[in-house]
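Consider the two complexes below, in which subunit A is the common component and subunit B and subunit C are the respective partners.
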Partner chain A sequence: MNNTVELKNLHIKAGNTSLVYKTSLIVKEGEIFGLVGESGSGKTLTAKAIINLLPQGLTYTADEIITVGKNMLTASNEEKRDHIGKNVGYIPQNTVFYLHPLIKIKNQIGDGYIQHTHKTKQEALEKAEMLLSKVGFKSPKTILNYYPWQLSGGMRQRCNIAMALMNDPKLIIADEPTTALDTTVQKQVMELFKAINEEMKLSILLISHDLGLVKRYSHSLGVMYAGQIVEAGSASTVFDEPKHPYTQLLIKIIPSLNIKKNEPLTEIPGFVQDKDRDSQGCLFYNRCPKAMDICRVKVREHMKEDHYYRCNLE
Partner chain B sequence: MLSYVLDRLKSSLVVLFVVSIITFFVLMIIPGNPAQLILGTDATPEAIAELSSAMGLDKPLYQRYLSWLLDLLKLDMGKSYVYGESVTSLIARSIPVTFSIAIFAMTMAVIIAFLFGMLSAIKKNSIIDYFSRSIMQLGTAIPSFWIGMVLIVYFGVKLKILPVSGFVPIERGFAPFIKSIFLPSLVLAIGEVGTLLRIVRSSMLDSLKQDYMDMARVKGLGWGKIYIKYALRGALTAPLTIIGMQLAKLAGGTTVVETIFALPGLGRLVLTAVEHRDIVLLQGLVMFITSTVVFVTLIVDILVMLFNPRIKSFHQGE
Partner chain C sequence: MESKIVISAVNIRKEYVTKRHFITGKVKEKYVAVKLASFDIEEGKTVGIVGESGSGKSTIGEIVGGLQEPSYGHVLYYGKNLKDLSDEEYRDYRKSVQFIFQDPKGSMDPNYRIIDILTMPILTAKIVNNKKEAKNLAEEMLNRVGLDSSVKNKYPGEISGGQCQRAAIARALLLNPKLIVCDEPVSALDISVQAQILNLLRELQKELNISYIFISHDIGVVNYMSDTILVMQNGNIIERGPAKEVLLHPKEDYTKKLIESAFV
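Now for the complex of A and B:
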């Protein structure tokens, strides 16, 4: 099986501060890969590095970034933009300003399609209508004539999803796609992702802080902590035999999965550190219930078949 | 849409009415008897009294205001003491001069400001950005009379390719017309370009930071689409408003530049009216210039609304 995304030893810095350090991940063709972690753990930055969208002022190095068969480290800017536009759909976290507020949906949903397929605007609108009804709009024609701010958050999110699908991408990057939505719409959107994934065989990189969601929908996952992936593997392995204490704690505190009635919610004490993320020791040291002295200076990386984790415990 | 225009029209009329009251009464309070000014210091008191009543100066103020206002509505603004001509025809003669300079100057300023403003926002901290920022500083800092004189000396006297002064109407040929207004327009443009460039640059920088730019990039659009359709589209409101204010300012006459280039425009007319206490002319001019400013502002407000669908739908009551 081919890999849609191969990322090796990504290191993102703002000035001298490391934000993401030694992060590697592989998204296989046709799978949903969940990337979980707390706010500020570097999930979005990692995803943005894959699609050449890192904000100005950040620098990055990596041993390898291959996105849908193209080496992002050697391609020119133009090549990257063109390749990403053709092959990747991006569904952002907050939908309010990702659609241009002053442009009608019909005038922005199809321009990527027109750019890459050289089809007419009419054809683009037909495809857009088809996709909009696929994401659940009853009357896509009227939606096309709206401005984004005339739609609700859920409607905008579905427009974004339709827009991301315009070019029949090989990879969808969905950054917290359900955060702004209420629970019923959340479920609709996630079922839609699942259907797209199964029908079109496309890979989805699903970024979320909701471990329950990731458990339900993804085939593999990576757990990020303070700018590093601390554990990764197939969903069944990670959820059944979590090796890293952080993952173990996270799984334990998913309310929907493990909390009994009247039991208070548990938490992991402490905060995610934002300094010294490039330290050679374990970054979870301060909050880890099983921390040993050696964890401060050194951490071991394990790779057992597909199961990766970085911890000094076996 | 229509109700918005009517609304704005109504408030414009109120503004003009209030200005007419202020203009009339303030100029009346200023000491100095126009009849005395016309007849000179040697005139006998009888002659002055006679002329005063002939001009209606002995009537109560409110009567004089009402008759002035009624005449104004018929576009009759009275007769200038200095020129002995009707104020309406004096203004009508200055309009082509002032308006063509104003429009030409703003065209230049807009082209330069948008070109360099956009480039310097896109390539922030590059050579072109430093260059643009120098334009901003210089344009705002250098006084226009000095630039005007330097340009006259260089293009008019040394190179002899452009006329030093005077205005050639467009009926006498397009090339001579453009030549005659090029230098004054350039001077005005230099004065305005700094402010406008600054606004374009900062609006662009703000727009470039918006999330929709990420989307435009990730869709792999070409530079034209990314920067013009998405970035510029989101950055137009503030520059449009500024352009309107600048155009209104220039259309009201530019005394300094018109004086340097000896152009018979509105600014010079104002200067003459003030120097010679030509109150009738001054009243007419103030009313006309205010109307111009109000009108240009109205047009710009409507344009801004058209460019910003959110305001439009607000006024449609959605």
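Now for the complex of A and C:
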């Protein structure tokens, strides 16, 4: 099987402060890869580096960035734009502001398609109609004539998904696709992603802070903490035998429905550090219940079959 | 001994006027946020309200806390109608019911230091006599909720969301409340901080015998915090009961759907 995304030793800096350090990830063809972490852990930046969308003022270095078969480090800007536009669908974090509020859906949904495939507007509309019915709208024609503000959050999110699918991409990057949605709508949207993934053999990079959601829908996942991936592997291995203390705590910390009410929840004391992210030691050192002296200066990286984690413990 | 009922809501209905006639002012359209709701809150107990956005959860919280008046029905504070309270009793009621909101930074004035934000309400409510006493009390409370004293001279923008939510809890506690309305207190926080805040709220409840109204869309969190759960949909309370009962044997389809779509 080919890999849709290969990323090695990504290092993102704003001036002299490191934001993301030594991050590697591989998204295989046809799988849903979940990237979990708290806010400020660098999930979005990592995803944006893959598709060359980093905000201005940030610099990055990496050993390798291959997005859908093209090396991003050697390609020129034009080549990158063309390649990414055709092959990657991006659903950004804040979907409420993603669609232009004063332009009808039909006038904005086909823009990327026309730009990259040189088709006419009529053809774009036909395709949009087909995709809108695919994402669950019963009368796509009426939806096309609406303004975004006439749609509810879930409907708007489905429009975004249809928009991302316009160019028949190989990879979809969904950045917190359900954060602003109600739980029942969230389930609909996630089932839609799953269906798309199975039907069209698309790879999906799913970014989320919700561990439960990633557990249910992704095939493999990476856990990010303070700008590093601390543990990665197939979803079943990471959830069944978590090795890194942070992952172990994360799994315990969510109040499940069959929790014993008299016991307090496990907590992770302190908060995420935002300085010295490029230190050689373990960044979780300050909050880790199993921290040793050596963790401050050095951390070991383990790679057992597909299971990766960085910790001094065995 | 039977526990006392702090607040009961009796047949509450809340309507908002969305359209009036442009000359006569006659109501042409209205939106019903809460159709009919009645419930009691006992001392030291937690009532959890779940439901999706727009179902009227927050409106109920605000009506019980006196921030809004119900269109019909009334709220009883220790068995007395809010409208019949004397001025003094009403002041006592306002002290006894406090709020914690979703966005901790948005609920604090960015131009004041944390210590000022904490001392202002206790000076206004005349719980202390002078500024010095107020400061001491506020510092004590900051330590109580797990913040070190370096925080007191900072502005809300300078501290993290979790710390800010702790300060908001301290602000609510300073007035010795009987009931705290927690409106989505953890949904803006990171998961690792969420557990800290939930534990703190439960500890305080045990120690000070406070009641909570706990509003959230996350059924897992509501289950952990609450003794009784109300499930709301479109302004109606469609299911209610002890937390365990509602979760293990849900009767309504909507409740089943909510539980199923919570990924735990």
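One rule holds in what follows: the second predicted complex is superposed on the first by the 304 of 314 C-alpha atoms of A that agree within 3 Å, B and C clash if a C-alpha of one lies under 4 Å from a C-alpha of the other, contacts with A are read in each partner's own complex, and residues count from 1 in each chain.
Just so we're on the same page, a contact is a pair of C-beta atoms (placed from the backbone, for glycine too) under 8 Å apart; a residue touches a chain by one contact, two chains touch by 3 or more.
Note that this is a predicted model, so its numbers are computed, not measured.
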Where does A:Gln280 make contact in the superposed view: on subunit B (first), on subunit C (second), on both, or on neither?
neither
Which partner does A:His209 reach: the first (subunit B), the second (subunit C), both, or neither?
second
Partner chain in contact with A:Glu38 - subunit B first, subunit C second, else both or neither:
second
After superposition on the shared chain, which partner residues are touched by A:Leu53: those of subunit B (first), subunit C (second), both, or neither?
first
First, second, both or neither for A:Ile254, with subunit B first and subunit C second
second
Quick check on the superposed pair: does A:Thr74 touch subunit B, subunit C, both, or neither? Answer first, second, both or neither.
neither
Pick one for A:Ile268: touches subunit B only (first), subunit C only (second), both, or neither.
second
Of the partners subunit B and subunit C, which touch A:Gln122 in the superposed model: first, second, both, neither?
neither
Touch check for A:Val88: first (subunit B), second (subunit C), both, or neither?
first
Once the two structures are superposed, pull the subunit A residues common to the subunit B and subunit C interfaces.
none
Once bound in the complex, which stretches of subunit A touch subunit B?
51-53, 81-86, 88, 90, 92, 94, 96-103, 111-112, 115-116, 147, 149-150, 163
Complex contact set, residues of subunit C against subunit A:
52-53, 160, 162-163, 190-196, 198-199, 202-203, 217-221, 223-224, 243, 247, 257-264
Quick one: which bits of subunit A touch subunit C in the complex? Just the residue numbers, please.
38-39, 182-187, 209-213, 215-216, 249-250, 253-257, 259, 261, 264-269, 271-272
Subunit A partner contacts - residues on subunit B that touch it in the complex:
210-212, 214-222, 225, 229-230, 233-234, 307-310, 313, 318
